[in-house]
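Presented sequentially are two complexes of chain A, the first with chain B as partner and the second with chain C.
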Partner chain A sequence: MKLTSMIPLAISSGLTQALLFGVVNGCIYILLATGLNLIFGVMKLVNFAHGELLMVGAFVAYQATTIAGLNPYFSILVSMASVALIGIALEKFAFRRVRGTEKLNEIFISLGLIYVFENLATLLWVENYSIQIPSPLVGLSIPLGDVQLSYDRILSIVIVIIILVGLVLLTKKTKIGLAMRATSQKSDAAMLMGININKVYTFTFAVGAALAGAAGALYGIILNFNPTIGALPTIKAFAIIILGGLGSIPGAVIGGLLYGIAENVTGYLSNGTWQNAVAFALLIVVLVIRPTGLFGEKGE
Partner chain B sequence: MDFKAIWSQLIKYFRLRKYQYVIVAFVFVAVLPLFVGSEYLVGHVFTLMVIFALYASSWNLLAYSGQGSLGHAAFLGIGGFVSALISIRLGVPPVLGLFLGGLVSAGIGFLVGLACVRLKAWFLAMVTFGFSVIIVTIFSQYDEIFGGMMGFATPSFVPQGLAFYYGTLAIVASSIIAIFWVMNSKWGLAFKAIRENETEAKMIGINTAKYRLLAFVISTFFAGLAGGLFAESQLFIQNDIFSAENSFLPLIMAVIGGLGTIEGPIIGSIVIVSIDSFAPLAYPFLQPLNPLFPGVTNVGPSLTFVGLGLFLILVVIFLPKGITSLLPKLYTYLREGETKNKQKDTDKVMEK
Partner chain C sequence: MNKRLVAVVAIVIIVVAAFVALWQLNVFAPAQTIKIGVVAGMQTVEGQDIDRAAQLAIDEINAAGGVWVESLGKNLTIEKVLVDTVDDAAGSTAGPVTRAITDQSVDLLIGGATTAGTLNGQIPAIQNRVPYIITGASFNLVTRRGSLPEDNALYIDDAEGMSYMFHYCTTIADYSTTVAHFLADDVKTVLDDTYHFDASRKLRLAILYRDDGYGRGVRDVTASIIADDNLPIEVVANVSYATDATTYQSPLISVKESSPDAVYVAGFTADTAEVIKEGINDVGLNSLYIAVEICEDPQFYALLGETGSFQILESKIATQWQGDTWYLEKVGTYVENYMAKFDGKVPGMLGADTYDAVYIAKSAIENAGTLDKEAVKNALEDTDMPQSLIIMENERITFSTGTNYHEILPKTFIEQLIWNEGELQPYVVYPKTMPGIEGNFRQQTFFPPMEYEPGSP
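This part shows the complex of A and B:
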């Protein structure tokens, strides 16, 4: 066979692989971005330390799997619960203290939290610096055309869909969801209607943190992780929110998929070097042309 | 304003007690290294304090106009690389290279600022952070120019040691005076108006885009200048200069010292560089804690950073105006002490 006829085939199968992996990574980013978006929408709070919650979630799931011997997919629940508790503490003892003061203060608090989380995690980490949650399904995969997609990745997509459906039901069908939506529209008026704003804020932050915890557990199942993985996903989640528009879950889904695919395809085409840079360049271009994001209606 | 008027203005300032303290502080900073024998203290700790004071001040000026950057290390690095490369490759005197590095940094800052003019607080923070990621990616592509992971040696505009300290101090002091002048000029007033309320600033006829851009250019110029000095003080430069930590440090310094004040970043720089330099002395005492933490062999560095993060959070919550806000209290305390002493003297006289 002539070499020239093989190259396009190789590129196309690699490209499909990159596309599929992009979708899976995008799903994890969607979870993170949705949590961030929820917190921002209801509380108008920017938490730059959101990705640290992802890292903590991954670490908790790892410990639950290796020490307690849980199934990694069950340990997602453990990680969601514990990260939600951490979230409640953060909201009560840090972010509530600066609510209503200058907007930059929240960024400063979350920067402090990044330092605390990253280094506490380094202190408490296990011996191997880069770790992965051992999954019982490892090595099993489905052939899709000429590429392989592992069971773990497929299951992650399913889990993300389940969580997102649960989130939509929570915000649209329950009383606390109604309170959250009311607060996000106008907190003063919601307060006058007898909604306990503080409770709503704490609940919202806990839900957002739980989403980050789930994202972390899935991240740990699919990819290697270490104490410093938190910073970049935060920024990526912000990028997705900006791409998808503030406060919309469908926007975050589209933005997350777009971002994941763009990142993986550029990474594939440039052997990984331009992966982060091109994705950010894309983001900057979008922001410069449309300061409110691709699908955003009004900016904050 | 003619020379005489400026001179009389200066004299007027110097008569104020506040400025006398500033002069005392400056003389202290200028004389101290002469009495400190340690080469490490002068060459690394003090010099670094002075350089980071300028870097944090440049960040502070940007925040003064309501724009928070999370990617200032990009400009620090551009200033450092450009000034070193210009001096090495083109044979430009290093002292000129420093300013050329600052100018290139300001030029790129102009372009980034142009992209950011319409963006609000966190979008801006995002874009600047993204820009620093892009810059480090570009710089690590061309190893033959930028030295790759190993970096390359930088020239010094004056010999290292005491001379370098004084040279740096001269450049930084005049730069900070320039920043002070900008903050108190008509431009500074416009920056402040934009920070408080951009819509209202626009309404009263301030060209907000122009002034935001101006703040960006001035800030990135000084960040680039600080970068050049930083690269020279370290004797070499590598891609590490673009690290996120270098982006966060000026912010932490400005916030801990006191955001929006001229002395805040300077005090913040002194505090943070001191913590960074002297914390290792405490590491041996932390050794007993090692068995508690399986992740590391030496708990010191990580615990220091945990402490730094907590310190930042506590300052933001309990001392929102930074350490600087304690200074007026100290000042009045000192003055009260003085008047009390005078009172005692007069009492004594009366008794007699």
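This part shows the complex of A and C:
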């Protein structure tokens, strides 16, 4: 029997289908987690409002699509740019002011930002509280055995891959990327080597925010959203970066896929009741066995 | 000097005396109003609808002269006190309701959307003996908590306090009965004819529900109705999903494996729309999906889009009625006034309940002749008004007593959504007739969706 003819059979099993959707759904979380990983890895900054940037990204993309008439996939770029600018403002006028002080100050700022963003979004978009970015590809899908993969979901996977490749190139092949890596390993030494830490931090936060913006735009194309969607993705993103290892992009990818699979397979086997619990239990197990995460590096 | 001093003192005394006299006459006090607390989660589309509908009713009543209060010998206007429960979740309601009662001294409460939120939000109203016309919360527990076992966490040992609760909303039993009979009477017949099933074959029903009190209530009540009414339906799957879920492929895969003829979705607007879209577009579960009446909201139609064509929506008010004339003139007037007042927004289901509830409150206060809460409560119990926006079994609005405590007798119906001219349009497919509506209420017969696949025999 040819391998290709076995694929429909394999995908016909409910468990395999749950695995497939776990991979697909994990992609957006990978993007969000990578951005968070970048910020945490370079700046050692805990930003609990990272998921709110995803939410803002979704709404910006929605506005760009419905008001400016942009194709939703082009609106991803608008989203990334807008949320990057917001990220720059947050870093400069909020987090930088408390850098070097108690860690709690950073945490409280990020917690406060959650409410600011959520309430602002509610105020601005109260008339359309639960919405979805209209996609020209809605209803179109590719059959894979007994399930279908929508064009939107396929495109989201492709876009995530492109963005991640771009990020790897940025961090490995550019000066600023080198500076970011140096700062993430030893910020004092990086400063002594002439690296402008402030610029690196601002750039890092902007890139991390842009990734959240892209995740938000993709989220809004695939799923309906509202101003309160930011909280759960933040928690999942933290779980993913801890699972995959701080500072590791491959770790965020693998962690995101593992998390998505665990979540979906558990949802399939336990009717959704234990979904979140098992996914976090997986995190605990990995940390017990390997405290730095799957691909974690020891840093500062 | 002495004369001047005496004159100044005299003037001061006169001014103070005049001020005190005017104060005693309540000249400076704000005019008395009837304060109605509107319980609405303003972060939800349902809550916004409740708020708008209440405002419409209040403005109409005030424009017509207000509410006659015999004991005061005058008409009073209604003042809306928004009790914003944010997302109407269980943890969000008790605080705002308490503040409305203690700080703003509301005379009466109207609203409440979710079961979980209302069960918590009603507690301060029960404790403070404030009449509360609950216009949402399909779980009938909101008026029957005293009948629970004492060890049940929701049990309330305060019969008098519970007597202040009134449920102007269809219950899970009301609409699940309609759904179950529609499946048994119409859907099974069509499927048997179309796919040449044996008449003895039971219709295969999967229930996909939110993992909360409401969803579990739908699951349990539907099973009871099927058993009690001896309907030819077999529940082949009961699958839950987490209330904070954003994707539903996994539970849908479980549902698909049970090979159902129909999927009864017990969810709210956003999650039901997502379930149906993922079921059809991702999981390939080309079944007949039934959404419950809370989805009778323009945002549900917008979120569902063309994917929702030929799917089913159980409802109690057709705010997007497709026809040359409205099935009830009052409904047409309400929709037109609502759209005119709120920039073309189409009203939803919960708003309709709330609109009626404001008029019920007006009637009760006028019948009581006072704002005394106990008297208003007693007057609410004696409510007997012509039906308004919601069709009633006996064409009258009355609240029951006894074991069906303070509930109404609503009639619900089934709509099939058809994608036409770039929008989803609802058409009534069941039942054929309705009380108080001349001729046929049904607009077309039910037929399965284009890509429909029945369950395996």
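Methods note: the second predicted complex is superposed on the first by the 270 of 300 C-alpha atoms of A that agree within 3 Å, B and C clash if a C-alpha of one lies under 4 Å from a C-alpha of the other, contacts with A are read in each partner's own complex, and residues count from 1 in each chain.
As a convention for this text, a residue touches a chain if its C-beta (ideal position, glycine included) is under 8 Å from a C-beta of that chain, and two chains touch if they have at least 3 such contacts.
Remember, predicted model here, so these are calculated numbers, not experimental data.
Legend: residue contacts after superposition of the two complexes on their common chain; A:46 is shown touching chain B, with no touch to chain C.
Legend: residue contacts after superposition of the two complexes on their common chain; A:111 is shown touching chain B, with no touch to chain C. Of the two partner chains, neither chain B nor chain C is touched by A:71. When the two complexes are overlaid on their common chain A, residue A:239 makes contact with chain B while staying clear of chain C. By the touch criterion defined above, A:276 reaches both chain B and chain C. When both complexes are overlaid on chain A, the residue A:185 reaches neither chain B nor chain C.
When the two complexes are overlaid on their common chain A, residue A:288 makes contact with chain B while staying clear of chain C.
Of the two partner chains, chain B and chain C are each touched by A:122. In the superposed pair of complexes, A:103 makes contact with chain B only, with no contact to chain C. Note: residues 122, 126-127, 227, 273, 276 of chain A belong to the chain B contact set and to the chain C contact set alike, using the contact criterion stated above.
Those residues of chain B that touch chain A in the complex are listed here as 63, 68, 70, 115, 118-123, 125-127, 129-131, 133-134, 137-138, 140-141, 244, 248, 251-252, 255, 259, 293-296, 299, 302-303, 305-306, 308-313, 316-317, 320.
Residues 42-45, 48, 87, 211, 239-242, 244-247, 249-251, 253-254, 256-257, 269-270, 273-274, 281-284, 299, 302-303, 305-307, 345 of chain C are the ones that touch chain A when the two sit in their complex.
Within the complex, the chain A residues that touch chain B are 46, 48, 94, 97-98, 101-105, 107-109, 111-116, 118-127, 227, 231, 235, 238-239, 242, 273-274, 276-277, 280-281, 283-284, 287-288, 291, 299-300. Residue ranges of chain A in contact with chain C, taken from their complex: 14, 17-18, 21, 25, 122, 126-132, 138-139, 141, 143, 146-150, 153, 223-224, 226-229, 232, 264-268, 271-273, 275-276.
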